[in-house]
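For reference, the structures are reproduced in the following blocks.
Two complexes are shown next, each including chain A; its partner changes from chain B in the first to chain C in the second.
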Partner chain A sequence: MSVQHFDSLHDDLIHDVAYDFYGKRLVTCSSDQKLKVWEMSPDTNNWEQIDSWKAHECSVLKVVWAHPEFGQVIASCSFDRSIRIWEEQEHEPKNSGKRWFEKARLVDSRGSVQDVEFAPNFWGLRLASIAADGVLRIYEALEVSNLAHWTLMDEVNVHLSRNSNTTTLKEAEGNYCLSWCPSRYQSPMIVIVLDGHQDLIHDVAWAPNMGRSYHLIATASKDHRVRIYKLLDNKDGFAIELISDLNHNTEVWKVKWNVTGTILSSAGDDGKVRLWKASNKIESEGFKCMGIVCNDRQSSDTMET
Partner chain B sequence: MSLFSDDDSKVMQFTPFTFEPPPIDYSQFEGVSSFPSSTQFYEESANSETFLKENVLTKGKGRQAEGYEPNIKTQKQIMYLNPPLVYDLDYWSNSNQGTGVKFHPTRSEDFTCYVFGKEPIEKVKKEGYTLDTRVYNCSLANDIDSRRVFYNETFSIFREASRATSSKEWREKSSREKLLCDISWSYVNAIVKHIKILQENPNKDEHIQRELNTFRDMMAIWELCRIMYFIKSERYQRLSTDLVTWLNECYPMGALTEEELNEVRESPNLRNTVVFWSRLYKLILRGLFPQAINFLRSILIPVESDKYINREIVINDIIQSVIKCIKSRPKISSHDTDLAWRNWLSQCSQVQKSIILENKFLEESFVKILKILAGDPDAILSKSSSWLEGLIALIYHKYPRCDSSDIKAILGPIFVRFSVYPDATSQVLKRIFYQRIDEALGYCKYIDSWLLSHLLDLLCKVDLDEIIGGKSFRERCLINFAEPLLTHSTLWQIGFKYLEHCEKYGKVYIEEFIGKVPFDNERKFEKILKICEDNGLIFDEKCITTAMGTKYMQIKRYGSTMIYYMRAGKDENLKTICNMFLTQYVETGKITFEEVIDSIPVDKDSNESVNFLSRYRLYHSLIQDEFFHQAAQVLVECLRSEISPKEFWGVLLFHTVPLMKHGRRKEVKLFEKIHIDEFEHYCTRVLDRKIEDSWIKLVQRMKRWHYKECGYFNISEDLKPVKNECERYKKFLSKLKR
Partner chain C sequence: MSDRSKTVIGRWFTDQRPSTPATTPPAWPNFSTEAGFIANPQLTPSFTLTNHVWNDTTQSSIGDSLLEKDQNHFVIKHCLNSSLTSLSASPDHNHVVVAGREVLKVLSVSEREITEEISLKNRHNKYSSNDVKWGNVCKFNGIKNNCTGCFSATKNKIATAATNGSIIIWDIGNGRAKIDRRINEHSRAVNRICFNPANGLILLSASQDYTMKLWDLREPEPAKFTFEGKCESVRDVQFNSINTNDFAAAFENGTIQKWDIRKPIIHERKLNAHIGSVLAVDWHSDGRTIASGGRDKSIKIWDMNSDSRRPRDAIQSMTSISRVQWRPNHPNEIASCALLSDNRIFVWNIKRPFIASYCFEEHDDVPTGFLWHDSEVLWSCSKDKFFIQQDMKDSYRPLNMLSKCSIGWSAYDKIAFAIEKPNDSEDQSRSISSPSNQFRIMQRRISPIIIETRNELQQKTGIASLPTFDYKSFSYLAENYIISSLDIVSACEHNAKIAWDVQRFRTAQTWKIIQLLYGNLEPMNKSGSTHDVTDENLLKESFLTNPSVETKSLKDLNKDLNTVTEKPNETLVEDEDSLFESDGEEEENRVKESDNEDVQKSPRNSIKMTSRTVQTTYNSTLYRNWDKEPMIAQLLDYYAEQMCVTLVLVLGDRIKINQERLEQWFFSYIELLHRFQLWCGATHIISSSKISSVEMMNQQSTTIYTTCNNCFRPMLNYRSGYWICEKCRKMLNPCSICHNTVKGLYTWCQGCSHGGHLIHMQEWFLVNNECPTGCGHKCSTKFFYT
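Presenting the complex of A and B:
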């Protein structure tokens, strides 16, 4: 085990961190309205800042990288209701504030844009977004060399399709999240919200498939639970089954899968990250807590499962 | 920041050795120090860290320790990002902060943690939290850098092992065993070599120490598997000597403690020193007879005084008799073992009966040695300090001709007396003796993924695959081992090669990871493509090639970009680049793509856009060199093939005007009548409403330089200059005909 850190020097809270496709670059976004791009220096083995710039007019909530076949492209979304597309300008010097050029600004949302994610590259340069107005929007750059032009391909009102429970509805307005299915052997699919939670969902993550005959989707919920659903493709659609209902002990804010879909992380209201490892027989033995990352040394509650 | 690992370090001393195949050549022990350096198995050496790992509840002789179940719960790791900080329990739930995580996109056990704001600052009231903007890069994986040489070497052995199964020798049982032992031997040699490298490393930090311990464990397990599973024929009479050699090499006797050494040094008479005898028992137990004989000779007292003459002579005689017994122990490999063995036992028994001394301590000590030699279980186990030592001494002295399947029955009394320490290595060894290789492998995963994957691979080759969980278990373990290699800067190719040996899931992993190998140079890029090609990953090959093209595009190296896009079949991307060059021409009248297009190998099968660009470049160079006839031909071809963008047809038609003029002036027939008809036809198509807007814009841009700057004829959106010239040229042609 090893831990190394660097200070991003944001002036306010970080909201998201994203690796590029190879894991050699990082981008951070913050309530200070800035994006910062970092690169792993092979000489010093440290993350070095490439550029930092004011990207939005409000807090930047999410940031994602596009596949490298589309170039060095970042999409960010913000409380200012916009999505912005940034492309690296190789000719501009590092840390000039001009290295990343705003290629497009997508302003269709009527609420803060809460999540954005590029589709897997085999579906082209597509970007899904979901905003507080409860609308899922899918954009596509039909000419990948022309990042200035994005076509709004789909608009789905998720808000209406939700449970009619008004309390949930009201709360849900502020909490939307999405995740693309990473499998190339399925038609493009995206997950937004799943039934089964007793309370609000903060995050959802679709696991890499890795040759499994089924899909796994994890959710982070306000009711302290991390749930893992199995999706089995059959003739009539997908059979959905809850295969793991894990207790994080506090409200869970984020869930993320590792590259092989064998470890799931859950970040909770206790300042801790729990790592859940898949057993060899996922269906029968499920997931077990393999480790805890504690941000600080709290007096208790460090070894519970 | 610090890291608190609950990892248990296993301390086992290593004695450099060459593992000679049995039977033991006793001469190799001549001159070896009487006090080996390791404390591991010397009496109840409480110093050894192995003892510290013992579960208090299961400690104690007479009880068999409960099996160490290294379940996930006990393996759970805790990582503190900020150990000095102690917030109150409600800090995180009451503040607008949480700890977030993002996994590395290529390494399954690496991730980044950061303190994130749950809500945007616009939605929360200002609060007095401590702002933490640090980003923590965490890794659960072990560093594999120090193992590069070892992994490279053992991959070659792995590959040889894979090839061996299809060889002629493999089909014959006897030569198969030799092949297997050779492969196993190569692996052990690689382990020993790596241990030596680690020992020679001047840096003795925690990591190196941990690696040393792991490799020693791996060697002990691997060699025991070889002895128990890979050698099948001629097993009779060899197992006991194999095992005693294994014990002495993998778990050598411990050195005397300082206290014990002092006792020896200060003792007026070694014969009455407990430490001396304890040491001697060990040597006998472990079959280290030459050393034992040296020990015994050291207590022979030259008889000088008459006073003690009788007593000393008697003791000296006993010593000589014991030495004689030791020396005459039959070689287990001899043909008449049974008879020789019985004779020798009776000789030991006679010597034992003849020992009657005033000094009862001495008498008991001699008797004990003879009892050990004769295979008395009580004597053996009472003087053994661990279950391993007791078991192997019992096999060596009491059941010297036993077979591996007999060992299970011998283990009973061992575990009545001894506990097995709960560490994974001890559990693996115990299960190997029980011939529960499936369970042993289950514990191997807590030792090292290399060991598990490679041992499993070899065991599958001795038809144990059904017992050990089938070929899919082998595959899973190989994939687990190979995965961290895939993104290593130098070992990545080996990683993919391992995956190629996994029939069921290997390709899925190659598919998932091959595109994620960063390529800094074209050599590496070509290697990546070769892996795609070898595994039929056409789609991935295209993605990687496109990414390479885009990489060049970013730095405006269009020639390379186009070459890679052509390889990837990215027609749309190529069209965009070609259109960009044509637009530049329309804007400035300059051919900016000469060098680019000259660097690309273009043929008739090339992409349409590239093909047009190449033809267009040829047209301009022909004009420049005043080869008007050929230029006219190229122009006609370009129009006829319709491979140029439709908007550009008008530009090509404009190019016909000076050529027609030139033909008329010089009275040279550059175009045929049919060509002129075609030009008129294309004029009509260009002026088609569908392309009118873009056409008008193009002409406007072109006008800026065509007439004003370059002084060419005045172009117009209605293509009038072309139409007029066509009329004139037709007249010229009819005149020429007349």
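Presenting the complex of A and C:
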């Protein structure tokens, strides 16, 4: 198990990293309002920056790649209440700051856009977003070759109205995240986590299905727990069962599954990435910690297994 | 009510007296009159008690809930029936004057409540106020002799700047409002006014008519000085609080200027500060630093003593900045509010320019003005008609809403992560400076700038490679597996070998078992002519001819299996691998000898390999047509999609699996192959699958967009019918040799995009290897062959 460092050279906190479909490219987004795209150089085996550009006017919270059948397309969302769609311009030189062109700017939100995710590619070029104003918005590029035009397909108010008469929503009160169901045998589905002030959920991830007979959804919570839910498809909906309640020891901010949905990773305030793997008897034992990546004080990463 | 007001005000006096500068004792006697008219509200006809909005307590329980409020909330809101444009605090910070379109009121503000005292608006003033400023005491004497003794100056006066260009000085001295003076010297709207911080009799204005004017209110009109900025409209002016002869002005065209009132001819310094107009300037209490905010959504910090023409720091916000103000006693913190569309007031630390340190979100519309009551309490007014007093404790920290860590998974089971160092860095990263100062101190004049080093990021990024996924063996298997179902025996044999090659011993053994299970059902002649045939036949024969031996040994085996499976999984794998490796080489030889014992041994190994899947079924006696389905089902459960898909393809319709599940395997496997860019393998899988929805993947309309080979413009426009490029008006893709349009087969070089008739190209590249158009591209070695 090896850890390779790479210096992102961002001027502030990085809030998201995302590999592309092939695992050959990496995009990072940061509070310094920039996006950076990296590519593994086959010669040196190092990550080299392809381009870095100012993408937003506020902290960039999340960044996602579209499926490569739609081209090299990135969507990013930010505190500045916008979602922006970027497409690579291959004729522009690398690191020119122009290689990723802003194709569209989706500004319907009245609060910071907290989560954004492309739907599985078989639903088309579709994008779900949720913002602090409590509205889930689903956009679709109906003409895949024209990324400048995104149709707002759906707008669902998921805001739990505590005080329903207030027209304005406080930014600090909205806390949402979402994840698409990756299965093509269900109708398109999204899991959305609404804010609960008791134990705030910071992130949610729907596991890739890979032919399993059940679904898995993981959440990262403020109360230090990583929870994994199992969804069994009944005829009249899902039977939901909490199969693992894992302790991350500190506030957990992110959960992500690997490509095959067999390993879950969680990251939190303790500066550690924990890896959780399903034990063989998933019903009785659930998930177990299989390793920890940590950034310790000597600034060398170690891996415990 | 009046009694309570009195006690509150009284408490403020005792609180405030020690912290007020000792140079202003003559200011105090006047307070008694103010307190007086509060105590006797009947004397002021405009006095109202309505519209008190308390955040979480009722008025009746103020005293009881005071402690609770101390811990939780300090927000006090007051509604004023009209949208507000600006506010100004009295010199003693007990009162505030708020101005709006239809309102101009003096409010008394205490820690616990806000009461309206005087309404200044009357019929004389039909224009709304752009700005309001409370006058100031005259703090220094001796410099101007005639100023001596004039301490109260404009302490009881309020100046308003109207949209029609007039400035009105109100006198509220005796609890009664009257217009003291009306100045009509500006030809257009006055945007901002400012009293000199040292001498309240000096008033400066910034107007839309491109000028700034300065009055000494003791002297009659006209203005003492007129400053010509020569830079379009003046949006803001402010005196330097240290060097009170200096003032800064902000201009519509993006410049800021520094002036000295003793040199009214020309500005001392001019900076091109912003793109678009500058809307606000604020002097730092160190007297040398200016913050400016503009329509270009940025706040910039300028050192006026340095020669640099670049800002010392810059903060990029998401909205145009309409007001900025340094936070008292926190030399690196500055508050700002937006011109449009953002209801929040942010407090920034200039050393952390991307994430605001604090954020107030109490207003329901855009704040139009705010000021620091002290370093912990902020007063603000807004278009939503509210005046709000709020404490730093009422704000939230945007940083706390942001994750400090992130993870990304690649298809190769590599994790890219950015995580922050734990705990010890907490103070630096989470909270740049904690609001530790619980004691409220009135604004001190001088607080030197502490130049802090830029907040050092504790976040580290890296990529961890997990050994959980072996890409090399995956791709090797994907490329080399036989997926035809025609000849199971040889296919299984081959696949077992392939798996063996990449040291997937368990998988190899599974293939062997499959071979045993399904191969022997096939007619002998179907096993083809591979070299394995002899072995297989022998195996089968022994299998068939010695059932009793087999069963016996297998029963023994079951005992072994039970013991083995009790061990943890990891050790099991090791066991198996080592077992297999030691026996592996001998296997072939022994099988060839067709010795009974050895035959037993070989399947015994394989059974052990897949012990978990096999153990249940082997309890039953071995028959030729025993039920293999449950075992296969378990086997399929155990393996990942690669094995499942290959198995299904090899076995064809010999096994029955739920269609949906089957499709999911195929789609998952194909997606994985795509991820690893194993296109050929994926296509092979797609075309061999018998599932219509999978086969569809290769039958969907595939569009290849072409570009003009002259200007590289994509050919999307159908109007010209692909004959002529829309942009460069040249014929599309003619033959490079004969210059005619190619009808039929067009052959072109992928490198330079030139081509033509196949026959011409063949002729040309027989002798040449460069492009026939003369573009210099060496096409032939790679792309053309004859």
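One rule holds for everything that comes next: the second predicted complex is superposed on the first by the 278 of 305 C-alpha atoms of A that agree within 3 Å, B and C clash if a C-alpha of one lies under 4 Å from a C-alpha of the other, contacts with A are read in each partner's own complex, and residues count from 1 in each chain.
Note that a contact is a pair of C-beta atoms (placed from the backbone, for glycine too) under 8 Å apart; a residue touches a chain by one contact, two chains touch by 3 or more.
Nothing here was measured: the structure is a model prediction, and the numbers come from that model.
Using the contact criterion defined above for the overlaid structures, shared-chain residue A:Ser213 touches chain C, although it does not reach chain B. After overlaying the two complexes on the shared chain, residue contacts for A:Val273 are found with chain B and with chain C alike. Contacts of A:Asp43 after superposition: neither chain B nor chain C is touched. After overlaying the two complexes on the shared chain, residue contacts for A:Glu90 are found with chain B alone; chain C is out of touch. Residue contacts after overlaying the shared chain place A:Ile292 against chain B, while chain C stays out of touching range. Residue contacts after overlaying the shared chain place A:Phe21 against chain B and chain C alike.
Of the two partner chains placed by superposition, A:Asp236 touches none, neither chain B nor chain C.
Within the superposed three-chain model, A:Gly71 lies in touch with chain B and out of touch with chain C [touch as defined at top]. Residues 1-8, 10, 12-19, 21-23, 26, 28, 31, 47, 58-59, 61, 79, 145, 184, 208, 210-211, 250, 253-254, 256-260, 262-263, 265, 267-273, 275, 277, 280, 291, 293-297, 299, 301, 303 of chain A lie in contact with chain B in one complex and with chain C in the other.
Listing the residues of chain B that touch chain A in their complex gives 1, 3, 5, 72-73, 75-87, 89, 91-93, 96-118, 120-123, 131-140, 143, 476, 483, 487, 504-505, 508-509, 512-513, 515-518, 539, 543, 546-547, 550-551, 553-555, 572-573, 576-577. The touching residues of chain C, when paired with chain A in their complex, are 297, 316-318, 343-344, 352, 354-355, 359, 361, 364-365, 396, 398, 401-424, 429, 457, 459-469, 569, 640-641, 644, 660-661, 663-665, 667-668, 672, 674-677, 705, 716. Across the interface of their complex, chain B is touched by residues 1-10, 12-24, 26, 28, 30-31, 38, 47, 58-59, 61, 67-72, 79, 88, 90, 112, 121-122, 143-146, 174, 184, 208, 210-211, 250-251, 253-254, 256-260, 262-263, 265, 267-273, 275, 277, 279-280, 288-303, 305 of chain A. Across the interface of their complex, chain C is touched by residues 1-8, 10-19, 21-23, 26, 28, 31-33, 47, 57-59, 61, 79-81, 145, 166-168, 170-172, 175, 183-185, 202-203, 208-211, 213, 250, 253-254, 256-260, 262-263, 265-273, 275, 277, 280, 291, 293-297, 299, 301, 303 of chain A.
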